[in-house]
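One chain, subunit A, appears in both complexes that follow, with subunit B as partner in the first and subunit C in the second.
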Partner chain A sequence: MSLFWIVIRQLAEIEAMAASKKVITREEWEKKLSDVKIKKEDMNKLVMNFLVTEGYVAAAEEFRKESGTEPDIDLATITDRMAVKTAVQNGNVEDAIEKVNDLNPEILDTNPQLFFHLQQQRLIELIRNGKIEEALEFAQEELAPRGEENQGFLEELEQTVALLAFDDVTECPVKDLLDISQRLKTASEVNAAILTSQSHEKDPKLPSLLKMLIRSQNLLDEKAAYPRVTDLSTAILEDPAV
Partner chain B sequence: MPTTSAPSATGISSDPILDRLSSSDCDVKFKAIREVKNRIIGNRTKKLSYIKLGAVPKVAAALADSNSTPDLVVQSAAALGSFACGVDAGVRAVLDAGAFPHLIRLLSAPDEKVVDAAARSLRMIYQSKLAPKYDFFQEENMQFLLLLLKSENENLTGLGAGIIIHSCETNVEQNVLCHAGVLEKLTTLLDGSLSQREASLESLAVIIKCNPEAVSKFVELHSGRALSSVTELTKDRYSRTRLLACLCLLSVKNSSSCYLQDIAIKTKLVYILLELLDDSGQVGDEAPFAFSSLIAEKEDMQKLAFEANAIDKFNCLLQKSPLHPKRLEGVFLALGDLCSKLECCRSSFLSLQVLNLVVDALTHEDASVRSAACICLRSVSRSIKNLSAGCFMNKRVVFPLVQLLSDPCTSVQVAALGAISNIVVDFMPHKSTFIQCGGIKELVQLTKSMDSSLRLNAVWALRNMVFLADKVCKDGIFVELTASSMASLICDSEPSVQEQALALVRNFVDGCVYSVEYAFAEDGIILNAVGRLLRKSSKVEIGMQGLYVLSNIASGKEFHKEAVMQLLFPQHDNGSLPSFNQFLQSNDSRMRTAAVWVIVNLTFPKSVGSFGRTVNLHSLGIVSQLKRMVEDTCMDVKLRAEHALGQINNTFGEN
Partner chain C sequence: MSESNGNSNGGDQDLGLYFLEVCRRKEMKVKEEEEEEEAPSELNTINSSGGFVVVSTDKLSVKYTSVNLHGHDVGVIQANKAAPTKRLIYYFEIHVKDAGVKGQIGIGFTSETFKMRRQPGWEANSCGYHGDDGLLYRGHGKGEAFGPTYTSGDVVGAGINYAAQEFFFTKNGQVVGSVSKDIKGPLFPTIAVHSQNEEVLVNFGQRPFTFDLREFEAQERMKQQLKIEEIPVPPNISYGIVRSYLLHYGYEDTLNSFDVASKSTVPPIYIAQENGIVEQEITYALNHRKTLRQLIRNGEIDAAFGKLREWYPQIVEDNTSATCFLLHCQKFIELVRVGALEEAVKYGRTELSSFFGLPVFEDLVQDCVALLAYERPLESSVGYLLKDSQREVVADTVNAMILSTNPNMKESKNCLHSYLERLLRQLTACCLERRSLNGDQGEAFQLQRVLSSSKRG
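Let's look at the complex of A and B:
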């Protein structure tokens, strides 16, 4: 992480110097970059943090063996968390709820929004499977009381139930709810809640660092021409356009 | 043993689950308990249904059964914890089922999963007011608590903190905890996991709250490092941690004038709490309450908050409707505190038209919101400038306020009376609005309430209503209220009501000569009551108000002045009246001033009977006392005494 702060500070210094748009050559830039000392362990921790948070157990285990980096969480708990996430992604919401409750009953008892979203996902799955009667009964029995407790939930519930009103759901304005992305959204919400309950950050650090890189490059673009990284997957320095 | 079936119309009553919960087959029982657990978690309605159905004792039985496997115990504890989570009826059912001692016992179980489940359930129970109070004075209890706090297990440390938060209430309890080294243990947890940090901050705040001794102990802990750790946590990335750290610092700041008084930290607290208002969850709901306690009664803090654009911020928040009732209540209370002293805040409040939003909230379905809106209105209506401009005395504001006088909730009624008291201190043309809205009838009704706080505030509102009112207005109120009711209010059992009743009479008899007549209605029942109260009460405020009533009456006609003379200096003194000299020699300068005012009005030289009264006063030793009072340390007393003596000399000179 310190790498990025150092780069940003240097960028700021350059920015301060530049009266007009300054050109920085590849040699100058690379020299500056090589001046920045980053500990290998810090980089490894960053990678491990990503693997653990995103739930790549096998990769994390492998990375631990190869790099000797200790994960900041028991890897066994990742397996449980991933089982929950996968269940939601596959539409087995009831199964996912039971798994969360076995993991820690407090999560859904103290997080009404998450609980509502899981129940809503259950309703969506029933509708998707054409179990209309069951869906209606479920909405009335399980979701309506939550809507009474919270105005926001009521609105979301109304939207979801709207799916039932259309014979052809592709015409329904809330058809996105049936999209796979809705499952992913719910899954990531559960994932985040489990992580928080384990006192772990719910987002990996790496993506936000990359966002910071992009932002600082954008800021610098206004002041200087320099070898920038455009393709994040390769991180190749591109020659400045003069 | 057959279970009794519960014949009822609800969906789950025919559920055979009750039988399965007490099945002799362990596997069946396990599945049934797990099923109940999964149905009730997150679902308040289901919790209540199952509690009603009698599921709790059956689930608890599995906990007590020594044949239960650890897995079964875990399920049972988890289900009981969920019953207790957020539902008081559930806590009661769990306690009634006798599960509490078993849960405590299970904390020392060999299986870690069992320990976790029991600790979680106990934590849920301790979040309720119904949980049994933990006795910190018993040595073994304290040892156990320290053991919990020292544990590696987060659920156990969390339970320890939960016990402190629930049961530590008095200063003595706070001191016992400090003495036992709990502060040290809790500060260690500040370096722990997220949940440990939060538990630690919350319980630290409870232990040092309003206890200067505990605060200094905490501040000096690890040569100040504990305090700096907490200060550091106000910058934490988790909003809940930031809020709890602020609350902890607030406890330090508010209970002692020695710590955290520099402007930098004060400003920082203001900004952090304002920023926390944006949180969409529970933290955002609680932040305005914390903000309130930061600025309440403190003008310097209110100034800082004003400079940080707090009013603007709250206004923006209110635009985002619908807000959670809890948050709405907090925002109105915070605005009330902001506007309680500073006119700049009130101006900003009014120019941003926050008033409309507050008025809308007067009819909110939640009683706490209605009450908070009234409290806010009371603060804003302290603005003399806007009162005179009639900003509040219009139907849109007054009508809903008058409606609230018959609110089912007493605290709302009291809060509404508070707002009305201010709003009716208005100048002539507007008072009719209040009368048209039926306000007087409601107020008079409330002066007859069984609840003394309602009587007090209703009389207070009437007192302000009568202040500088015209004859039509006064007559209207007098007819509604009646002289005999006023006399009984003067004789109320509560001294605070007596005082307000006298102040009400004082405002009635203030002004033109016709006003004085009110005191003589129904054979002078009011005046007699005033005399009786003056005789028996020793409270300065009451004596003072009583003397001003007499002073106002003595400004009337000859007959009125004589009545006051009769009352103060009866010819057949029965000895029970404290001599008037005692009022003149009171330690309280306000009382002396009021007493001299009476003499000033009695000796007004243009009156026919002045000479006779002056002679009487002379022979009673009042005049010589007045001469001594020319040297009074209080300027008010001194000037009035000189004035009275001038009149007296004048009267003697003329004759």
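Let's look at the complex of A and C:
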């Protein structure tokens, strides 16, 4: 058989596959949707998990009262965790470090990277506040020894110190370190570490489920045309494109 | 009655019936769980290569008793059932009791029509890992390099990973390797012995496996999870979905706390307002809905009736509607809860007796009345009625009914399902559909499993 015919046959197969894509009408699909059983209490748990993981203590407390859903973590620990997070977000890194150690000294002991990033954030805050001498002293005494232990840390330290080399920081290639987003990054790192230390997942389950929805729709697209939800925020079913 | 009137009444009635159905489903909880597929439990002694092997009476071990002469007198035997497919992984193990003269043992999977005198892997639509050479055979007599050989005393396993579409094999608890599963249709666990005195015991899961299957499954789920985590979703989309959920069900106090907190986070969270019109649908009568939910959750059914008569007389107008029925049942349940049994009997006679004999109402009436029969009703088969979740269903019914009185509500379906629920339904339906188009292979999506999944960092 010549190559030509092989190619033609393969094309025919592909065509057949495309043609055999199952078409599911809106009516059929809605029947399938209504056959799905979702328990209210499971949805409540999902919402509670979101509130708790994202640190909405007061809302979690209200939700417990209004829906009777028990949180999967002691709500008091959320308050402590949020205090640490807020401290970092506001640039009070020393305060945050003290609070983490009050909560559980093992968190920083077992997490050198997190500890380094907190110290780095401290350095950034000193530079932001124009405390140049203090910043230099802090970099040499606290951060440099850690950089010697770890090549990655050393590079990050060097980048941070580069902030000092510019009169006008806006010209500095690492000026983003002074951005609020750097605080948020550090805050979320410490938040995740505390959650992990409490053997709780660091991320809420809801965003993963949304990702699962996107993925399962993408996978089903290969085999069928059916009403999909493209805009998650409205959950509107769109008619299958045939 | 005008046509439009008839329609709207019919629609409202449907909403109430929907929740009635939810209640009835709850009591039939056990049946609702997905049916377990039949799994292999023993060796198939009917369809085995008779004459060459002896299968033990428990049908869990096999021995080659003849002297092998050529390639067509293999003692091969399949399991009594095909490997179940509606799961993440299927797996079974053998223990090589005696490697016999040549140790020509094989383990693998074969299709139903497999020629029962050949090693698994030697023929089309079969796959096998062989003990004498450690090679993997897939569909013909020439093996490919795969793993170590195995012999007396070894435990060897074969599995199908439906998520990855792979066969995998293990030796003494360790994964040896995996190959793509290119065979369609039902596959039978298969073992083969092919030299004198070879004896193999098979374990279909009656005894604990040497291989840590649970851990393997957990790792497989992690792998899938990692793929999922790479998918981007719009920022703050979860906030919007949680917020609409709180709005939908009238959890107003939670909503207020949530809003206050999300405004004070750094940076503050702004939820896109472009779907403001849609949100209006569920902001409707928020405070009324909250109040009624609280009353019902506190068991104050009379007060709830009172408020409904005052605010939404149309909902409680028809005393035979599903909504009124659920409220009456709840009142009865509350009376039983506080031990006011005489009053409960009286209430039941006036308000519930008319529902006896009506198909959709009957089950619940009977269950309610049955509460009276038990000294400790909470521990009885109808104890579910006394749980918090029953109050929640009634509160959800009233909530949906109030939403349906909104003249701007476009579809009555929107009264039933929050955005979150619609998305979860879509997710479940997509997974089920995909599985059914994929030869029923793989596990279904279950919210329950996601919620109880291990707490990993």
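Here is the rule we go by: the second predicted complex is superposed on the first by the 223 of 242 C-alpha atoms of A that agree within 3 Å, B and C clash if a C-alpha of one lies under 4 Å from a C-alpha of the other, contacts with A are read in each partner's own complex, and residues count from 1 in each chain.
Keep in mind that, in the parts below, a residue touches a chain if its C-beta (ideal position, glycine included) is under 8 Å from a C-beta of that chain, and two chains touch if they have at least 3 such contacts.
Values in this document were obtained by computation on a predicted structure and should not be read as measured data.
Chemist: Mind checking subunit B and subunit C on superposed subunit A, clash or fit?
Modeler: clash
Chemist: Who wins on subunit A residues touched, subunit B or subunit C?
Modeler: Higher number of touched subunit A residues: C.
Chemist: Quick check on the superposed pair: does A:L232 touch subunit B, subunit C, both, or neither? Answer first, second, both or neither.
Modeler: second
Chemist: So, A:L184: does it touch subunit B (first), subunit C (second), both, or neither?
Modeler: second
Chemist: Mind working out whether A:T196 is in touch with subunit B, subunit C, both or neither, as first, second, both or neither?
Modeler: both
Chemist: Looking at A:T170, would you say it contacts subunit B, subunit C, both, or neither? Reply first, second, both or neither.
Modeler: neither
Chemist: Pick one for A:K211: touches subunit B only (first), subunit C only (second), both, or neither.
Modeler: The answer is second: A:K211 touches subunit C but not subunit B.
Chemist: Does subunit B (first) or subunit C (second) touch A:E142, or do both, or does neither?
Modeler: first
Chemist: Can you tell which stretch of subunit B collides with subunit C among 4-12, 112-120, 256-264 or 274-282?
Modeler: With the two structures superposed, the offending stretch of subunit B is 256-264.
Chemist: Both subunit B and subunit C touch subunit A; at which residues?
Modeler: Residues common to the subunit A contacts of subunit C and of subunit B are 196, 199, listed in rising order.
Chemist: In the complex, go through subunit B and note every residue touching subunit A.
Modeler: The touching residues are 11, 34, 37-38, 41-45, 78, 81-82, 85-86, 120, 124, 154, 193-196, 281, 322.
Chemist: Going by the contact rule at the top, pick out the subunit A residues touching subunit B in the complex.
Modeler: Of all residues in subunit A, those touching subunit B are 97-98, 101, 104-106, 108-113, 115, 141-142, 145-146, 149, 151, 196, 199.
Chemist: With touch defined as at the start, can you tell me which subunit A residues reach subunit C in the complex?
Modeler: Those residues of subunit A that touch subunit C are 22, 24, 29, 32-34, 36-43, 45-47, 49-51, 56, 58-59, 61-63, 65-68, 86, 89-90, 180, 183-184, 192, 195-196, 199-202, 204-217, 219-220, 223-224, 226, 228-229, 232-235, 237.
Chemist: Could you list, by residue number, the parts of subunit C that touch subunit A in their complex?
Modeler: Against subunit A, the touching part of subunit C is residues 22, 25, 32, 225, 227-229, 231, 233-234, 237-238, 240-242, 245-246, 249, 251-254, 256-258, 260-262, 266-267, 272, 275, 278, 290, 293-294, 297, 388-389, 392-393, 396, 418-434, 437-438, 445, 447-448, 450-451, 455-457.
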